[in-house]
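Naming follows writing order (A, B, C, D and E), and every chain is counted from residue 1.
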């Protein structure tokens, strides 16, 4: 992947990220978040993480953001708050962001292991093939393409099968929670 | 005869069944689900105490069964059992505030979710791997989002829910970012791998320190240690009392077991970042004790007072952790449980009889119910660390750990914190025992509550007088 | 009986009687108490007479303290000095007991009075028999206690309460010095308290004699400390203020305590430990000077007193000054001899004054009396004998003992001799003034007019004492009574001294007769002497400023500094920190998120950059 | 269940029973009397050579055990506790709520436990039993207006809390520093052994001793840390004032003699520690002496005087010689009894007269001869009159402190002793002034006090009798203390 | 050429933006969006590290499975979060931060 594309997608992700924060209208910020997630998915793909990339688009950009937009529409929050942004929190937030970035930059400055380029970190298909046990993965590796989804699935069910069940339990708890918290009653008064 | 792994699954399954039972069997008597939950937890506790040591081979890479895990599993079960009893005690208040139907609303989930949370905590206790840690941690956190905001018709509970939600999510973000950097620096997700990387000079120390800092920050939030304890007073006061009890004891204990494992990995002897992590924890401990105990002097609400008290206790435990005395952390947690749960149980029992949880509402309690007044005295004395109560035993061991590591400055601050404790812990006792004019109605205490109070009082005093009980469980 | 149980009888009997009266006094009634008290006094007298003939002896009655180096025990020592003193104490004590039966007959709390008297006899015997400093100090304070009880007997009278409190406190100040002396000796002699052991340690004979090698200032400090104890007890110069006020107590008390026994205890103790005092030259000079000054100072004050008991009180002060001066001039036994004779005639004078007061219905001012020689002949005669003895008219006991002291003064230091002589003159002046005004001329008030002779129970002791007042000076009599008569041969100038003393007596008496015969009011009016050199007022100011005002200031400072700095300040700081920390919980979610974010950045900063690298 | 365990548990059990609702008066008095008999039995057993030592381990690492052992010092203190407990119970009038009995029994039980245990953990733990009862009693049943009472109650509770926490840190440091090979232990015997085998360097001993001194000093109202004591004793109800000032205050001194001196011999003798201690106790004697002279009410006067008398006991401890330590112990015993007697009388007078101002009272002796004699006993004991117990203690302290030879001039300890002697004079001043103002002179209008009925007199006579007996032959107590292990210089 | 540090830098900046957004914005829903953004920044870091830390030739899928779990957890979290926000809206008719300041002190 030529480097110019990386800069393009990085720029998309970051600029739309800022867009989320700056946008007056919650709908605008939701949409800019969607664009930011697509940029991010592209970055994932540039890192040969095709499964995660598609997952990002499907789950995050698709399901989560749609849920956000749905809620925003449901509650029809007024477009513009009208009040000027409170300067104290603005300065505070900015300060935090700048400080954090400086700290990350300083750490990265000293991070020698991070200086290797993506190009000279090629995937060695034959090494993974020799190790792989499933023959579907073996023959796909033989043709030189990375069976990303299959490897991902294999690792999930080989190393962390139990955690999958727990995540299932978590989703169950989440949905039960949502139901409990938003059951509509006949009369809605609050003490 | 059952292995601890299968007990946890049994509990989770029961939790799910209870949710289903409550959802579908509409005409069921409302007392079935709570008692079923309490029965299941009790059974799980008995099974855990008589567990068989062997665990299935395939879970050994991410499932640790050392004495630390066993203690915290038993601890989680005991906490859940008592919290369920507290919830049962305050049942009609939770129901009244949960929806507009008032007392008749069916709140089966309020008893089912804690079972799931308890199994989540038990999994966290035996997590040997960052992924195995992250997933049950999130299960616990998300379930607590639901529980805190459960009584959504009370504005306080909603506000607490929102605050906990936003700050919880923020801390999860920081936690994952920390895990990412720790993985990046060490190349492995398991605690042994991290410990091995921390020792060999090849790993980039600065990156590992960044990862460690962010990881400790994430876990610090869950435990309520210094810079991240800002959420505790509001959420503990706003949430329904049984949930506050569960948060302040269960969630804090789970946080501490994970924090213990992480700190053990980072400060394994010979590790390049050992001193930095220990000193950072020391600073956090000192700050927590002070930020926990000094503002408590001005509290007039007993529930919020207990929130600040839980911060200061967390401070003592982080201090023990900073001195590498993991046994003392577990012991202190063991002494912290009876006092705090007793306190919250009293608040619920009083709340159901119309006594508010403001300090002035406690006036003349000794006349209205000598048992509750005595229980209050024992609970707050144990929190204050009065000798011959469990609290003192815990504080003494923490002091000895700190002094053996020659951290005299922090010991001095701990003394100031504990001294402030003598004031704000004794104020409710004095109010309860000070006479009040006029006729005061007698308070009724249900048999279940009476038994639990007795058990907790014995727990608080017995551990203070005969601590070998707790020590044998720790071994 | 052996000296052992004689001494123990003399010591323990009064204690038992005092204890009996304290515990069962109210139950058995006053008469029984009186009988027990007087009986015990009589038995003690018999016991002391029994010890007169016995060979010297010493023993231990009770092992009071026996810890490590400290071996303090209650014991007794029978030697010539203690036998003589024991005789005086028990004899005068018995007479005072008998006299009190009459004098206190209509008092409403007589059992308490006689209980205190027994307590006094116990303590006084204790001092006489003491053979180590610990026992001496114990009975020193017990005597102080009994004088407090006796002076404050009529506790309704505010003056009596003040007087008893003043007596006890002044004694306590004396004991303060006394204890410092004892402690210095104890430290210097590496743990010795007994007089015999101290004497040995001082003499450097045995190897364990560190006292011998102690530096000079230690010995001086010890001697002066011990002397301060005597000053407190025998009412010498700076601490004399309590004795005149002690006259508030019943007169027999004044006779027993403030004439014969208690005040003499100081001199007795100084003579008992004279080997320590002799070891320090400066101490001797100080003692002599203080003694001389007190004698002169008291005599000057006595000249202008109008209360008969106050005159006698100041005269006691003056005579004690003589004895202390004698000790200071290395003439201890002269001092003891004067103490011996003084006990008799001063007791006689006090009891006589008591009889006069009893006769004039409790009138004490001599200018309200007059012409009593006709109305109370026996009292007048015995009082006259006492006065003569006190003035030192040749032939009577006073003359011999005072002459010894004047001789010692003459040999040692010139200006002390002149002061002593002038004091002798003043003594005869004020005593004759007192006799002339009180007994001659005509009655100046109806009390004096209707005066009637005291009953036999009171005049009998007077007569007995007057015999002793005369005889005690002569060798035949004093040897048998073990008085310490100095048998030093009379050096040159003996006749000069005798001449000066006789001249002083004659001039004094003549001057008094010339000035006071037939006068109705006091021609001399020296405000300075009448007001006792304003010493009481000075002390009152000192106490007010240095104690009450200082106490007020210190208690103010203490509550500011000790309470403020140590208690309130840290609490305030903790509360201030608490308030600010509480303000952090502003309730605003944005504030919380900012705090959390800042916390994260702080954590990173702390772990990564700041803390010491490994 | 040996004799000593019974001594500790009888008061606590009685407190529990009364708390549960049984009649207070009967149980409290019978418990106190039984305790006295038991302590006398224990003393006779001790003289017969049986140290009644038992140990019930309650924790392994660090090794803590409920270990009791009879020893001269602890039995003396136990005797003091029983005597004062009986007197305190007798002072509780009719119809007083049960908390009076519960609190006095708890305080006494705590003190008894602290004195008899030879395990540092329980020695420390038992003395803090008194914290809440004292708070409740002073804040609810104290004298004076409500806000003032509560402020004083909070002051004593938090102040003693801080003091005991500093002490806890000091003891923890001591236990950690003297860790024997067999692992951390709180047992005094083992620590004593380990202190002998490998004594700590002088510097460590010095700062640990300072921590203990500040901790124990605060509990005992050593000079700069004393401001909680006087107001608390003045406002506390009589039984609490008697027990707290008479018994519990001695725990700090007992701790110094039992733990600090033997385990940290060099610490006590360290140059600046010795100087600091001496200056503090001079502060106690002179500054508080002057403050006491300034007091206008009997209860504040007694409160301050009990603070002042601690100075002498500290002088004994500072001197450290065997004579001085025995003197300090006797003085602790004697002061406990005499201050308890005085506070009992003061409480009785407050109930009958309503006020304790010197200016408003006077001439009480006229119609209360028995109380006058009792007050005389208390007064003359507290100013150290021979024949009463305090004197034996004081003279031994002074002799012990003046022990070193004087060849190289008067050192600070000598000046401290001399100031202590002047303190004795000052105590005579304020005690006699109080005695004179209250009992003698003109009877003030309207204030009338009568003697207590016969049964009431027992407790007063008991205390006065003990003062007299111990005063006449202090050998009774010094006999018990023969084999006390003190780090002789 | 694009190095690992570039990816980490992008992730860091994205995390910082999310953090700033959480503090700056007053609308709780937008705050929630920023939180999701922070989570995805963490995911980017994880994926970057797993790509550059080859396990026998292929990216380390253990880390990527953690990303998988993070995404699912985030989904559940958003669901519950929005339920609470809706409940808040029903109660207070506003999702503004200022409506949740009663608990304090």
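As a convention for this text, a contact is a pair of C-beta atoms (placed from the backbone, for glycine too) under 8 Å apart; a residue touches a chain by one contact, two chains touch by 3 or more.
A quick note: this is a predicted structure, and the numbers were derived from the prediction, not measured.
**Student:** Just by CA atoms, which chain is the most central one?
**Tutor:** Answer for the innermost chain: D.
**Student:** Please state which pair of chains has more C-beta contact pairs than any other pair.
**Tutor:** Most contacting pair of chains: A-E.
**Student:** Of the other chains, whose C-alpha centre is the longest way from the centre of chain C?
**Tutor:** Chain A.
**Student:** By CA centroid distance, what chain is farthest from chain D?
**Tutor:** Between chain D and the rest, the longest centre separation is with A.
**Student:** Using mean CA coordinates as chain centres, what's the chain D-chain E distance in Å?
**Tutor:** Using C-alpha averages as centres, the distance is 64 Å.
**Student:** Go ahead and note the Å separation of the Cα centroids belonging to chain C and chain D.
**Tutor:** About 35 Å, centre to centre.
**Student:** Roughly how far is chain C from chain E, going centre to centre by Cα mean, in whole Å?
**Tutor:** Roughly 96 Å, centre to centre.
**Student:** Could you give the separation in Å between the centres of chain B and chain E, each centre being the mean of its C-alpha atoms?
**Tutor:** Using C-alpha averages as centres, the distance is 26 Å.
**Student:** Among the residues of chain E, which ones contact at least 2 other chains?
**Tutor:** Residues 8, 15, 18-19, 22-23, 26, 28, 31-32, 43, 48, 50, 62, 65, 69, 73, 76-77, 80, 84-85, 87, 91, 100-105.
**Student:** Would you please write down the residue numbers of chain A that are in contact with two or more other chains?
**Tutor:** Chain A, residues with two or more chain partners: 86, 89, 92-93, 96, 100, 103-104, 107, 111, 113, 159-160, 163, 167, 170, 173-174, 177, 181, 188, 190.
**Student:** What residues in chain B touch two or more of the other chains?
**Tutor:** Counting only residues that touch two or more other chains, chain B contributes 131, 135, 138, 142, 145-146, 149, 152-153, 155, 162-163, 166, 170, 174, 206, 210, 233-234, 298.
**Student:** Taking the top-of-page definition of touch, could you list the pairs of chains it picks out?
**Tutor:** A-B, A-C, A-E, B-C, B-D, B-E, C-D, C-E
**Student:** Applying the document's contact rule, which stretches of chain E touch chain A when the two form their complex?
**Tutor:** Per the stated touch rule, the residues are 1-10, 12-27, 29-30, 32-34, 36-37, 40, 43-44, 47-48, 50-52, 54, 56-59, 61-62, 64-65, 67-69, 71-80, 82-87, 89-91, 95-96.
**Student:** What part of chain B is in contact with chain C in the complex they form?
**Tutor:** 162-163, 166-167, 170-171, 174, 205-206, 209-210, 212-214, 216-217, 220-221, 226-228, 230-231, 233-234, 271-277, 279-280, 283, 290-291, 294-298, 416, 420
**Student:** Applying the document's contact rule, which stretches of chain B touch chain E when the two form their complex?
**Tutor:** 130-131, 134-135, 138, 142, 145-146, 149, 152-153, 155-156, 158-163, 165-166, 169-170, 172-174, 176-177, 179-181, 183-184, 187, 189, 233-234, 237-238, 298-299, 304
**Student:** Residue numbers of chain B touching chain D in their complex, please.
**Tutor:** 374, 377, 381, 386-388, 392, 395-397, 399-400, 403-404, 411-412, 415, 418-419, 421-423, 426, 429-430, 433-435, 465-468, 471
**Student:** List the residues on chain A that touch chain C in their complex, please.
**Tutor:** Residue list for chain A touching chain C: 86, 89, 92-93, 96, 99-100, 103, 106-107.
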